[in-house]
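In the two assemblies presented below, chain A is common to both, partnered first by chain B and then by chain C.
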Partner chain A sequence: MATLVLAGQEQRVFVASQWQLMWWRFCKHRVAVAGGVVVLAFYTIVLGADFLAYADPNASEAQRSLMPPQRVYWLDGWRFGPYVHGVTGARDPQTYKRVYRPDPTRKVPIRLFAEGFEYRLFGLIPTTRHLIGVDGGVDASRTIFLLGTDVQGRDLWSRLMYGTRVSLTIGLLGVTASLVLGVVLGGLSGFYGGVLDTVIQRTIEILRSIPTIPLWMGLAAALPRDWSILKVYFAITIIISLLGWTELARVVRGRFLAMREEDFVVSARLVGCTEMRTIFVHMVPSFMSHIIAATTLALPAMIVSETALSFLGLGLRPPAISWGVLLQQAQNVQTVAISPWLMIPAIPVILAVMAFNFLGDGLRDAADPYGR
Partner chain B sequence: MSELRRRPRTRTLRSRLTVALVLGALMVVIAAGALAQGKGSLIGKLEGPEVVTDPAKLPKTFKEAPQLAELVKAGKLPPVAERVGQDPLVIKPLHEIGKYGGSWRGGFTGPADFWNGYRCCSGPDHLLFWDYTGDKVTPNIAKGYELQDGGRTVVLHLRRGMKWSDGQPFTADDFVFWFEDIYRNKDLVPTPSAAMAINGKQGVVEKVDTYTVKFKFPEPYYMFPDVLAGSTDLGGQAWRGAFGLGGYAPAHYLKQFHPKYAGQAEVEKKARDVKFDSWVRMFFNRSDWSLNPELPVVSPWKTVTPINTPTWTLERNPYSVYVDTAGNQLPYIDKVVLTLAENLEVINLRAIAGEYDFQARHLDLAKVPVFLENQQRGGYKLHLDPGDYGGDMIIKFNLSYEADPEIAKWMNATDFRRALSLGIDRDQINETFWLGTGTPSSVVPADGNKYNPGPQYRKLWATLDVKKANEMLDKIGLAKKDTEGFRLRTDGKGRLRIEIMTLGGQFLQFTQIAEMIREQWKKIGIDLTVQEVERSLALQRTAANEQQLAAWNNDGSEHLFTFPTHVFPFDAIAVVATSGPLYAKWFQSAGAQGKEPPARMKELMAKFRKAYGVPEKERIELGKEVWKIAAEEVYIIGVIGMGPASMGVRVVKTNMGNIPSRQYNSPDGKTPTISRPVTFFWKK
Partner chain C sequence: MLAYIGRRALLAIFTVWAISVLAFAIIQLPPGDYVTSYIAQMASMGSVVTDEEAQNLRIQYGLGRPIYVQYAKWMALISTGNFGMSMEWRRPVTEVIGERLWLTVVVSVAALILTWVLALPIGIYSAVRQYSVGDYLATFVGFIGLAVPNFLLALVLLYLGFVLFNAHIGGLFSPELQDAPWSTARVWDLLTHLPIPALILGLAGTAQQIRIMRANLLDELRKPYVVTARSKGQSEVRVILKYPVRVALNPFASTIGYTLPYIVSGSIIVSLVLGLPTVGPLLLKALIAQDMFLAGTIVLLLGVMTVIGTLISDILLVWVDPRIRLEET
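Let's turn to the complex of A and B:
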């Protein structure tokens, strides 16, 4: 009986599905798990950007222009009760800088689920509740600026939330587009071979031989300047995914070539499965895990591309808000010298890219049946 | 000479400490001084050098720069008294007689940045120019002028013995050559200039004697001296020579490129040899002040390495006709070196680092705190030079818009324009983008300007009044709104969306300001779309009458009659922001082309036109009338004016002398030329 008990653990392994095996292996990769958590957090922000923001990202107010991040006091006396000090701002007549003095006698308590500007939660439910906020909404003298404000006095935290939404969805949409292109074209190329294979492969080579940034820049510069923000947004997504599909297509093609002659594929064909069924029911699932890993690794590249293009002024343009747009507005001497907090949007870019890379790494290891 | 100015290198720790201590002490003193002076310290008193015309005060003997003295000694140059002639142009420096030597470093953004070197180094070479207040016409290259024959003839007296930069005499023949062979040559100047005409009738140039020229017109042209002083087609060789205009030209040099003197076949062959499309192109290239180092000029500095190279260098003209009151031939500074920096951020960074000696162009108002912070380290002082014009930023309505009849109708409704103007929160914009240094204003120029119609026009329709704006819009028939609170079109095609065109990379961030206005106009139910475009696209759009609204400034409009571009539809050629190209065409062609404007605008145009032919007193009254109509009708919305945003942020090395604490900032003044950079010098 003892052997049976011992084998319990092993038995679990034997009967586990491929996905379960992957999950177990993935969990062992601590950094990847951490990366996964961060990525999840980022996409939570994407879903609830307007809930997490506490100020209208476009509401400007000269009297709070270039306000540095506010210090949050966590304890009110001995009780937990976060608050910030009210501030008064004026322009210093000597230095021409705006100076903000906190007024210790005025406490502005930070409230959970406070009322603020109106929005639709998940695009559906109209509400005015935000995760945090202060009583009295967006009045200049009674509000909070966790990360400070920009030149026009717009709250950086709230803008960052909206920027995160745009930047990360562009990445996701871009990857989805390149995934579809990659699997279809790579599949066709690998499954049928011949002339089609040659044409697709040569196209990929040509596309890949062009340096990425100049190509993107060229395409982005060709976008008509009078397009609406939404149109530009989709166009940028497409431009970014235009190169993203090539690598995936190669991988998929290789898999198809290797698998075409495998016994289970041959059997499937012999019992009379249609080509469609052979591909999508028997072949694709056997390397799905690999595709997921490749996709995850492609995401940070997409995010960086959008940020880089917008930073160069070729991608999204204000009033759209994205990480790149926020960083582009911080691209000047006075930001470095007098308002360094405007460079904060660089931090989520770094975080997101690293998190996606670790996650993708872990997924790839987990998905590899021969790895140790 | 640059060694003179280089700060001593501190190599040892001890000397560094000493320097730090001294600097620290200095900073305390300066900070205390600055505190005592208060806010106005950056905007000083308007001051500048003067042109001396009193014969009793003219210098009798002349001195020159050491290197020129050596050339004279070596027999390569005639003596200085011979070079400046009998009637030099005498300038009384602002503070003191200067010293020769050194070079002046600045930055420019490339071949399109002509204004940069032109503004610093051309002298100016206008025949007449303004005094430092920008108000009065003074003698310049011409020694004097007389109006005769009821304003129909303007006689110009030239300076006896004055020379071109190659030593050839500058005489009336250079005017006749320009008029007969350049201006009247249909290949070179296909359309005659409005500056040479009064009421559409062209004038002629005649030689009286070697040093006297006559400009004759069929009707009285009292404005003509102002036209010579302003940035017009007769504004001198440096400004207009490359277009076959300017009023005079070096006949002895340009004849070799002119078919009449060199022969048609010969000039065409010459042009082909040096790869020009035509002889006309070659001619313009050869007469371009910023491109051709061989061109004889009368400006105090002349181009040595041209504008299309990485450094645009200008050196002293040995035959410069400028002298100071002690008889020193000007300029004091030997050389001007402008280095290429295509990125504006780079120009600003170099200025902050103290790598420029005098720079105002391209410096960003938003960086004033950074400039101030680095004053000591960079060894410079920051000055702000607010302009006299009412709009550092204005919004033009295209009044002859046709592409969308509904929008055209509203833009032509006076109350619509007024309501939009009332919907702008100018204080917010001033604080955010002007650091509070501008003045919320309508389009009218500064109170001290002679054409200013009166203090009540400053705020006319130029205050924030959301309630009144909403009432006005409701009343004119735009009461219906959609669910988001935006007003609806009356033709049932949805929301009334209007579009504003902005240009990026300008002295002001027009796009960002327009975005702020878009947010503000939400409160009056107006949906504004902001579109940033390239300059070429902007020109194309205005020319095609496709622009609706456009953001720009009205700099120059303080000289109403020589710079009316931003006052009413004046320019029939493509501009970056138009108030109605069809009306402008109507105006320019005296009603033959274009579209007839509404009555009030016709009244404005008539008054404007009439002013050219009447004596100054009457002209000033007409100018006031023009501004009254412009402010009442709000053809153009004034946003913020009289600020230093456009070329008014000036960084000058502390050891440069004769620097005015405030200078007249305007395109007509070619600032800093109005402060006579020939008198700037290095103190040590």
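Let's turn to the complex of A and C:
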């Protein structure tokens, strides 16, 4: 019986496609699956940032400056009904700091699918519904601040949602740009070899031995100050991908070198396939998975680069919102000591980097189903 | 071996050239040239630059001539030790950078040394006691070290130091020795301030090195010569340290070339957060003020420094590992 089951399983393995094998192998890697789930969650936020936010990320209000995160009460009496207490703000006559006191007599219930500011869902459907919110307007006493507010009194939760969108898409675009560069140059290098290979390999070595951050800083600082947010966004993407392609190029080159002499490639060439066909129909599909894994592993570096540049004030500039821009407010220790919640945007950065690393590790192992 | 070192040196020269071109590009990118911004700067300070003076400056930097002539002139000036004037500070760039460059070197080297000192024993321990609590702990700390960008780590430590101990952990010197001339007391002060920035800078590298060391050593420990050594009745410490560790050390050592640029890069941002008197904060200020000669020079010097460091480590590596000598010829 046992042998029969085993035989069945073996048969399954024999007839499975390459992608199926990879999927099975990937599923065995629990941490990688968890990483994948977190990454998916992050990209859900990217898609639905305006739905998940409940306040206009750029609506500032001096009356609510540096408000600490509010405590959420989940039970209203014995029934489930989350609410927060209304908050009254006043200026401390001695320190001139604004202090906020929750007012236990006033309950502000949190509603699902509440009305809020107007936006376009997925950029298409105009709506005013948000996942959560409160009844009534933006009056300070009747609004929620789950993660508190920044110096200008803007809601941190909503800003974090928008920042996630910007930071993660910039990483994605950057990695796409470096992928194109890496595949083209790495492919040329590995497929043709010879002088071209030497030149490209030396270029990569040179680029890798340059300390990148000073260089990025220089390039980013040279961007004209009067550029629009969108222009700066693309410029930063290009700057961070400029130096990120080297690792991908190395992976692609290694694959090409290993595969150039394989029987199926030689036979493809012998039956008269053009070079383009040999490369794109026969070679690329067989190392696609490796490229995907390498790309996943390259993403966190991109995200950290953008965060670091914006943190220094050289990357994206307000009113653009990204994790780095949000963390800029936490640059000063004194500020952070008084308002520690300004450090919250560091959490998604760390989470995203870890999730991408675990996912990438798992994908890399899975990409080689015949490996150990 | 000589051929290998020669090739490495050649590559280093190319790298320095590439860096100089990039640094020059950074100087050139902002609109307007050096002299127009110099004149504007002087005018805002209330002093006037005569036409003759401006003309002389233009000739000195070859402004208005083709870009490669300007580059050549710039290189010629640099080779005589003249890095131009810092507009913001109104002093020669060399004076402004001064000891900050050396402090950058000190911090980076300290981080590099700490990386090794920590990674080597922890890596060996993780491999020898695979799947022990210590191993899992090292792996966990390693993942954290890789995932947390070092400027965030610096920020968190600063915050904890401030809240828990009410102490400012930044800086490289105590306030009273900040501007003092060099003395044994100041050197000692520097040494006591070094560990925290070095640890922050080195953590990501350490995490990576631990993983490499662990993987290498695990491969080696399964080999028959280890069994032989053990069956000969050698002590366990000797069995591990004498042979497999030495073999596992080589790929470990070759990563130093990639670690150094990374550490130097990181030191810029970490210095800003921790307020270290390195070139990092100077670079940021120069870039924001568009003081491009200062910025370009810093990028150039940092690049050259890294290349020299990498070259030295390459040479050391050849000296340590005979296989590279044979492989690369």
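Simple rule for what comes next: the second predicted complex is superposed on the first by the 361 of 372 C-alpha atoms of A that agree within 3 Å, B and C clash if a C-alpha of one lies under 4 Å from a C-alpha of the other, contacts with A are read in each partner's own complex, and residues count from 1 in each chain.
Heads up, the rule we're going with is that contacts are C-beta pairs under 8 Å (C-beta built on N, C-alpha and C of every residue); 3 or more make two chains touch, one makes a residue touch a chain.
Computed from a prediction, not measured in an experiment: that's the story for all the values here.
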Contacts of A:209 with chain B and chain C, given as first, second, both or neither: second
First (chain B), second (chain C), both or neither touched by A:91: first
Partner chain(s) touched by A:357 [first = chain B, second = chain C, both, neither]: second
Partner chain(s) touched by A:126 [first = chain B, second = chain C, both, neither]: neither
Partner contacting more residues of chain A (chain B vs chain C): C
Contacts of A:337 with chain B and chain C, given as first, second, both or neither: both
Which superposed partner A:312 touches (first chain B, second chain C, both, neither): second
Common interface positions of chain A, toward chain B and toward chain C: 331, 333, 337
Interfacial residue positions of chain A with respect to chain B in the complex: 58-63, 65, 91, 93-97, 151-153, 225-226, 317-319, 331-334, 337-338
Parts of chain B lying in touch with chain A, wherever the complex brings them together: 34-35, 38-39, 42, 345, 348-349, 352, 364, 366-370, 372-373, 427-433, 435-437, 511-512, 515-516, 518-519, 530-534, 537
Contacting residues of chain A [partner chain C, same complex]: 202, 205-215, 217-219, 221-222, 224, 300, 304, 307-308, 311-314, 327, 330-331, 333, 336-337, 340, 343, 346, 349-350, 353-354, 357
Residues on chain C engaged by chain A in the complex (per definition of touch): 11, 14-15, 18-19, 22-23, 26, 29-31, 143, 146-149, 151-152, 155-156, 158-159, 162-163, 168, 170, 257-258, 261-262, 264-266, 268-269, 272-273, 283-284, 287-288, 290, 295-296, 298-299, 302-303, 306-307, 310
